[in-house]
Every structure is written in C-alpha cells, then in structure tokens.
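Shared between the two complexes below is chain A, which has chain B as its partner in the first and chain C in the second.
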Partner chain A sequence: MAKIELKNVAHSYSPDVENPEYALKKCNLSWKDGGRYAVLGPSGCGKTTMLNIMSGLVTPSEGTIKFDGVDITNMSTAERNIAQVFQFPVIYNTMTVAQNLGFPLLCRNYPKEVITKKVDQVAQTLGLENLLNLRATKLTADQKQLISLGRGLVREDVAAILMDEPLTVIDPDLKFRLRRRLKEINELYKSTLIYVTHDQNEAMTFAENILVMDHGKIVQVGTPLELFERPKTTFVGYFIGSPAMNMLKAEIKGKNVVSIGDTSFKTGTDLSKVKSKNIKLGIRSEFVELHDKNADNCISVKIDKVDDFGNFQLVSARHGMSPIKAKVSRDLAVPAGDAWMKFPDNRCCVYSNEVLV
Partner chain B sequence: MNFKHKYLFLFPGLLVLIGILIFPVGFTVRLSMSSWDSFFPGLDYVGLENYFRLFQDDSRFWEAFGRLSFLSVTTVTLQYVLGFALALMVWKDIAFKRFFRVLFLIPMMTTPVIMTVIWKTFFHESLGPVNDFLNIFGWNPLWLSSEILSKVTVIIVEVWQWTPFMFLLLLAGLLSLPKEPYLAASIDGAGPYRTFIYVTFPLMAPISIGAIIIRLIEASKIMDTVYVLTSGGPGTATETSSFYIFIKGLREFQFGYSAALSFTYLIIMIISLTIIAKVLVRLMIRE
Partner chain C sequence: MFVVAPFLWALSTSFKDFNSVTGGATYIPWVDFEPSLEGWRVLLRSPAQGGVNIVEPYFNSIAVTCSASFISIFLGTLAAYALSRFTFKAGFIKNSDITFFFISQRIMPPIVLSIPFFIMLGKLGLLDSMVGLVMVYVVLLMPIAVWIMVDFFNKVPREIDETALIDGCNPYQAFYKVVLPNSVPGLIVAGMFCMIFGWTDFFFAFILTFTEVQLLPVAIVALNSSITPWWSLSASALVSVAPLIVVAFIVERYLSKGNLSGALK
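== the complex of A and B ==
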C-alpha cells in the first residue's frame, strides 16, 4: 500500500529527435492509497504508457515517480512491488493453479508454509479454491484472468494493482461479476486499484475517480457524477455519456445569457470574464426536456427520428443544422415535426475554446 | 458435393503422385521380394527370403542402425542446445546483432560435401592443422581412424553444419513470442533463470518439437558426411543405415536385398519418429 505521486512526468518513445512526440505529456498526479481509479480514454491516448511508467516497464523520459515519498523512478519492476494485470491473461502453462498463484512469493523466497497459506486465502477470495491442483492451461479465459489478478493479491505489500483493460477477453455477464469481485477485493484488501479502459461503462461502474485522457494529456479527473454533469472540456462531453453531450455553437449575450441564433438561454454560469468568440453550449441529452409550446430557455426544433430503447426514447432533432438529442420517458407522446426543447439553466455547460467556463 | 468431373481434375495430381511416390515405393516392395543382383538381373520372385536374411543373419545392418540412432540423437541434441543458446544470445538487443545473426547462418549456406572435404583436411591425422596444433602438447589423436574419435569427428562436422538451421528456427520462434508473459514474470519478480524455465521454454515447446523432428528426419539420412569423411570406417565404426544400404545397392549391386533393407528402414523410421514426436509432445507440452 502506498500513495503514488507523479511529478512532472512525461514520456516520449523517441526522446532524442528534434521536437519529440510525447505519448504522455507532462503531468502531475497523486493517487490516494486504497483508492479505486479508472483511466479512461480512446485508443492511443497514453493510458498504457502511464500504467507502464507506474509499473516500471517504461522509464519516463522526464519527471519522477514517488511511492510514499520515496523516489522510485529508476527502480526495477520487481523492486517496486507492484502488480499488473494485462489485457490477455498471462499464466505459467507448466504450473498448476496453486503454483501460479504462489509464484510471486516463490520468487521472493517466502517459506513454503506462508506460500500455501496465502495461496489458499487468495484462492478463496477469487473462488478458485476447487481448482488449485488443476493445471492452469485447463482453465477458461476468465479463470485465467483471475489467476493473473490473484498473483497480484498474494503479496500483501503491493503498492498498487494496475490493470490494463483486464476484462476485454471476458464475456459481458462475467465481466459484470468480475467487476463486482474487484470492488470487493478493493474493499477487503484496501489496495489501490488502477484500471485502464476505453469503455466508459466499465470505468463509470468500477471507479471512485476517473481520469480522462486524450492525446497524452489528462483532461479531467473526477467522480463519475462530475464527469457526467460537468465535463471539463468538450472532448469529455463527447467521450463520456451515450449519446454524446449535445454541443451547440453559441454567442455570449450577457452576464449569464448565451444565444443560439435568435434564441437566448439563461445559464447558471457567470460569463462576464469570457473573451473568446469560440463558445459552445453543452447539455446532456438526459436533461433536455421536450415541450409542445414555447417557454423560457426553449429552442424550436424539427424532430427527425425517435428511437425506442425500451426504457427510454431517444429523440433526434435539429435546430437549423445543429443536431440535438434528447432522452425522454417512453410514456411521453413525442410530437411529429416541429417541437420545442427546453434546456434547464442549471444543466447548461458553457465552453469557451472547448474548455468549461 | 457430387461433382461428376472431380476425378478428371484430380487425375493429373494423382498421376504425379503415383509416378513419384506410390510407384517407387510399390516397386521397391516388389523388388525386395526378388533376388535381382548383378549376376542374375531380373524381377524373379523369392518371397520373403531377403527379409529372412535381414532379420536372421545381417547383424551389420542392425549395428549400422544402432549407430545411426546414436549419431542422430546426439547431433540433434547438441544442435538443439547450441542453437537455442545462440538464438537466445542474439535475441535480446546486443551490439552487432545483425552481424551475429548472419554469421551464425553461414555454415548452413555452404555445400555439405565440400565443407566435409575441408573438415577432412582439417582433421587429417598427419597433415591437418588440428593435429599440428595438438602436437605442441604432444598429442596426436586419430580423428579419422580411431573407432571412438571417428564418431566424434562425424558429430562435430554434423553439428557445425546444421546447428544454424536449428538456430534459425528457434530464433524465429523467440522473435514471435508475446511480450506480456515476460512483463508479468518481471512483475512477479522472476530472475533470468526462472524466466527461462517457466516462460521462455514452455512458450518455445511447440516450435522446439517441430525443429527437433525436422532435424531428426534430416539427421537420420546422414550420408554425405560419412561418405566423404570416413567412408564408414575405420571398419564399420561410422557406418550408418543409409550408407550401408548404399553399399549393398550401388556398390555390390544387390538390388533385391537393398530394396528389402530400404523398405525395412522406411518402416522403422516412420514408427520410431512417430513415437519420438509423441514422447516429445508429452515431455515438453504436458497438457
């Protein structure tokens, strides 16, 4: 268990060239001991690089990493005492399940009795106790992945367990159960869990805190609720939530008023200091209300399409050329053709130059 | 799939197969039941007489076969160990990696017969440079005319010639291994020894088996090296099955009998290689 801090860490895979391209741009971060984190971002945004820097598989070209205040930047992976679970389960084919689980302890020269005890304990937590004497190759993919995880759990002193899209190979039903298992393990062992994924649902349901990355930069750190309600940039708005956040080009008209074309909207944000001309009004489709009459904060729209998802209806509409989507209750009778959409003022997010005001 | 003309299209292929494989084997079997030799050429029929002769009073063939087994197992084992070691050496990033990779392949690219002539000169007991050097210490080993050393010489030449092949296959295997098991092993704290035993070796098992079987098949055909280096001598100390069959068939022209030898040899090889492959799979993969 340790508090992990990244100080001015940046990494480029070819640091010697002129204008090196950074897979991970300079960042300062600290991970709370025992926290449950998700790193979320599209493919190639630097998630895995960040993870490998923490586990020591990659030495960052700049900056330092500290575990509990101790600089470990140049320490080897084994010395760091970290566990990592990869996208594809890694098992030792020639060993049994028990030997697999005990391997990290064996490599650290623990006495035999301690190994057996710890292995039994971990097997019980993971539900593998009946498989201990089976050869590891006989297991299914999800059991193999549990072993990969178990190898991290046998060592009580691991600083953190890093997971790189660990549930990709596992089918949806098991995914759900494993995710719950992971949460339980986090509560039981109080180990820091860092979970890399590109699947927002996975991140949202698993983590207490989510770190959103894009192009090697950390865009926002926050709870699932914060990410959903107040995305810090338009990227986060697009990336998180399904469908993506509605973004409409707007102009500032007053202290807390913006306009889209001729329609003015009151927002909950103080806009008096914003200078930029690149203004967008963002609103989650969950918060858009559908009306058949004009009222405050309403915009006229033309409804193109209504999709019934069973538990809600997704209304796709247009104001001029800009598309707006609204999730409405399935009991609501959606008018065909022209209608009005209301953006409640406390739900409106105003973005200046793609950044939340 | 009831296509009337399929046999028509299969026919040319079948014809080739018959011409180059089925007919020769069938003819060998028929020939092995005749007494065709240089005095009485002709395809007469003597039943299984040749086989009785082979199984009852030709101990020379069985000795040659035993020698062949010893030589091929020894050379292939050495080739595997050396080839694996060399492949591991140039697998990781080392200086002049490319240079070494090419260097290790050179023996395979040379012509075996010519290289054997050179080796023979090298090991020549009174004129060769090896004994020139060893004479300094007062030694004069009989590389080609001692019963034991001549086997060692054959093994050295064979290992030198064919280790590169093993090296090539194993290096290709190593280069195609996934990265994650190594990352996991280093996270688990495994040192280089444990990493090799538990990660590299098991991952390399399938390709190792393939490489060993290919080399065993090749090695049991050993002929040119023996022919040039020792001609099976001294006495029959380095005589292998194929060389003995060659002597019976193409030197003494006992076609009928050598056909019986060839066919018996073929059957034994098929059976023993199948068993070896099974044993190797059992030993190395252990599923």
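== the complex of A and C ==
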C-alpha cells in the first residue's frame, strides 16, 4: 500500500534516435493509496507501457516514480513489491495450484506455516480451495487467471495491484462476478487497484477514477460521471458512452451562444475568450430531447431510423449532413420524418480545437 | 522394413560362426545355420583370453559423451537464455548473428577442424586423453544445445519471466525456478541430440586418440583385422546402438505426454 507518484515520466522504446517516438508522453500523476482506478484507451495508446513502468519491467527514459515519497525509479521489480496480472493468465506449469499461489511468499522467504495459511485464505476468497493440490496445467483459462490474481493478493502489503486487461479471456458471466470480487477485495485489503482496459463498460462499473489515454497522452482523469457529462476533449466524448457523443460543427455567436447553420443555441459556458474557428458543440444522446414543435435551443432534424433496445429507443436523425442520435424513453411515440430536437443549455459542451471550453 | 532389416541382419549374423557367414547367405537359425554364442562371448572375454577389448571403450564412450553433453547443455542453456531474452549489440553484431555464429561451427566439415584440433590438443598435452576429447566434443555439441534451446526459450512466453520478477525473484531465480522447469522438454530434446551426436562420432575419436583412451566406435572398427570377425562385429554394433535406443524410448515417452504447452491460456 502506497501512494504512487509519477513525475515528468515519459518513455520511448527507441530513445537514442533523433525525434524519438514516445509510447508514453511526459506525464505527472499521482495514484491515491487504496484507490480503484481504471486506465482506459484504445489499443496501442500506452496503457501497458504505463503499467510496466510502475511495476518496473520497463525503466522510463525520463522522469521519476515515487512510492510514498521514496524514489524507486531504479529499483528492481522484486523490491517494489507490486503485483501485476497480465492479459493472459500466467501460471507456473510445473507447480500445483497451492505452490503457484505461494510462490511470491516463497521467493520472499516467508516461513512455511505462514505460506500455507495465506494460501488457504486467498484460495477461499477466490473459490479455489478445492483445487489446491491439482497441477496448475489442468485448470481452465479462467481458473488460471484467478491464480494469477491470487498471486497478487497473497501478499497483503503490496504497493498496488496492476491489472492489464485481466478479464479478456473470461466469459461474460464470470467476468461480472470477478469484477465484483475485485471490488470487494479492494475494500477488504485496501490495496490500490489499477485496471487497464479498452472496454468502457468495464472501466465505468469498476473504477472510482478513470484515466483516459490516447496516443501516449493522458487526456482526462475523472470519475465516471465527469467523463460522461463533461468529456474534456472530443476524443473522450467519442470514446466513452454508447453511442458516442453527438458532435456538431458550430460557430460562436455571442458570450454563451453558438450557432449551427441558422439555429442558435444557448450554452452554459462563457465563450468570450475563445478565438479559434474550429468549434464543435457536443451533447450526449441521453440528454437530447425530442419535440414536435420548435422552441428555444431546438434544431430541426430529419429522422432516419428508430431502434428499439427494449429499455430505450435510439433515434438516429440528421440535421443537414450531420448525424444526431438521441436516446429517448420507449414510451415516447417518435414522429416519422421531420421533428425538432432540443439541446438543454446546461448539457451542451463546447469544444474549441477539440478541447472543452 | 528399411529400419528394422539391418538390425535383424546384424542380430542373426552375431549368432553365426565362420562357415555360416562366409558360405553364402543364410537366414533362419537352426535351419540354415547352427547358432553359436561365440560372437557375444568374445566381447566379454579379456584380450589375454582371446577376447576383444570392448568393455573399457564402452565406459570411455559413456563417460565422454555424458560429460560433454552435460557441459554443452549447461553452457548452451545459459547462452540460449541470454540470447533469447536480452538484446546484445556490438556494432553490426546482433543476437541473431551470435546465434548463427554458434550454429556455423557445425557448417564446417569436420576435416577442416581436425588439424587445428590435433595441433591444439597436442600443444596442451591433451591428445589421447578424456579431457581433450570432452573439450572437443563440447565445441561440437554446444551449438546444437544453443540452437535448440534458443528456439525453445523463444516459445516460452516472456510474461512468465516478468511474473516471476513481480513475484519477487531476482533474474537468476526467475531463470532456474520458473523458466528452467518449464523448459524440461527442450532440455531433454537438446540432451538427446547431444548424446546421439557425441555417441556416434567416429571421426574425432579416431584422430585425437591412439591407445590410452579408446572410444567405442573406434574400438569396433579396430576389430576389423586380417580376418573380419563378422559375428563379434555385429554383436558389438548392436551393443553400441542399445543405449541410444533406450534413450530414444524414454524421450518419446516423455514428449508424447504433451508437456510442451499450456503456460499461457
């Protein structure tokens, strides 16, 4: 258990060349002790590099890492006392389940009785107690992944448990239960959990705080609600939420007014300082209201399609060439053809050069 | 057919006497010829009693092959692990070049190496000695071990090492506690190849030894004097093949268990 800080950390896999390409661009971060974090981003955005830097498998080309204020940048992985679970379960083939779980303690020279006790404890939490004497090769993929996880939990004093898309190989039903168990474990052991994923649902349901990354840069850190309501960049807006946030090209018309074509919208943001011409108006489809008459903050649309998802209807419409999607209650009778959509002013996000104003 | 027939022929020849060998082909014991145990008895008798000296070369062969194989596997495995896991760079020389350097030792025809080896061992005073032979065989066998093990380690996922590091091993512990036990099948295959090549080598054993240390292949060929004793020659050939057959069966048993897979997924 420790507070983890990254100071000016950056990493390039080929730092010697001119203009090296950075897998992780310079970042400053601190992870609260006992927090439950998710790192979210598309494949290849630097999530795994970040984890490996924290666990010590990769030494960053720039910057320092501190655990509880102590500089550990050049410390070996073993000394950092960290647990990491990989995307695919890694087990030691030649050992039994119990030996697998006890290996981290064995490496650290714990006495035998302590190892047996801890292994039993962890096996109980993970529901592996009946398999302890089996050869680890005999297990199914998700049992193997539980072992990988168990090896992280067997040491209670770990600085953090880092998980790199740990539930990819596990089927959906078990995934749900495991995620809940991870939450329980976090509450029980108060260990910092950092969870890398490219699945937004996984991140949203699991974490207290989410870190969104893109092209090696940390784009936004916030609670699931913040990410949903006020995405800091258009990328976050597109990446989080299903469907993606509606983005419409707009122009600034006043202190807090933008226009799309001839239609003007009041927004909750002060736009007086924005100079850029690249303006977008973003709104979540959940907040778009459907009307049959024109009113304030309304835009005329042509409805293309209505999909019934059971618990809601997804209305796909167009204003000119730009598509707009709205999630509406399933009881609402959606008019065919022309209609009006209202963007409530406090829900409108204005982006200048793809960044939230 | 092609595999078993020569063995059967040797087996039947080993029970024949002079007349049944030289008097044209004979096939079925008791019908075509009267079986005799002379060919086998000769192998166990000491030369003073009219036997041939095959027991001592046999043990020499075992000692030289085993120690050379062991040293090759030991050094070869370490080298292979390093080549598989770390990146080396010295100018234009990279990992693959180093691996090729090892294998290239086997590209040269042995005859090219024989004279340098002879001179080297002569200078070191190791001609006609076990130590000299073992040294030469290590040179010949280690490339095989490196080659097989590099390939094998490349297939052992890196995450295993990384997990071991995270679990608190230092790099050496990660190697011998986790990676090595996972590589036992590879070690066995490499060991088997080393054994086979070491055991069957005639060329260097012939050139680098004279009288003190005789290896089995040389001793067998030496049986051939003015009269070729086909019966004892056949018997000794069978005896020399026997250990390899045993090794092959053990290895086959082990490999078919399917211990090669399943660390990931």
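We adopt the following convention: the second predicted complex is superposed on the first by the 357 of 357 C-alpha atoms of A that agree within 3 Å, B and C clash if a C-alpha of one lies under 4 Å from a C-alpha of the other, contacts with A are read in each partner's own complex, and residues count from 1 in each chain.
The rule is short, and it goes like this: contacts are C-beta pairs under 8 Å (C-beta built on N, C-alpha and C of every residue); 3 or more make two chains touch, one makes a residue touch a chain.
The structure displayed is predicted, hence computed values, not measured ones.
With the two structures aligned on chain A, chain B clashes with chain C. After overlaying the two complexes on the shared chain, residue contacts for A:Q313 are found with neither chain B nor chain C. Judged by the touch definition given at the top, the superposed model places A:L57 against both chain B and chain C. When the two structures are aligned on the shared chain, A:S148 is found in touch with chain B and with chain C. With both structures placed on the common chain, the touch criterion links A:T137 to chain B and to chain C.
Legend: residue contacts after superposition of the two complexes on their common chain; A:T94 is shown touching both chain B and chain C. By the touch criterion defined above, A:P104 lies against chain B and chain C together after alignment on the C-alpha atoms of chain A.
In the superposed model, A:S76 makes contact with both chain B and chain C. In the superposition on chain A, the residues of chain A touched by chain B in one structure and by chain C in the other are 55, 57, 76-78, 82-84, 86, 88, 90, 92-94, 103-104, 107-108, 137, 148, 151. Put simply, chain C touches chain A in their complex at residues 157, 159-160, 162-170, 173, 177-178, 181-182, 184, 259, 262-265.
Contacts from chain A toward chain B in the complex involve residues 55, 57, 76-78, 82-84, 86-88, 90, 92-95, 103-104, 107-108, 135, 137, 148, 151.
Residues 55-57, 76-78, 81-84, 86, 88-94, 103-104, 107-108, 137, 141, 144, 148, 151, 169 of chain A touch chain C in their complex. Within the complex, the chain B residues that touch chain A are 178, 180-181, 183-184, 186-191, 194, 198-199, 202-203, 286-287.
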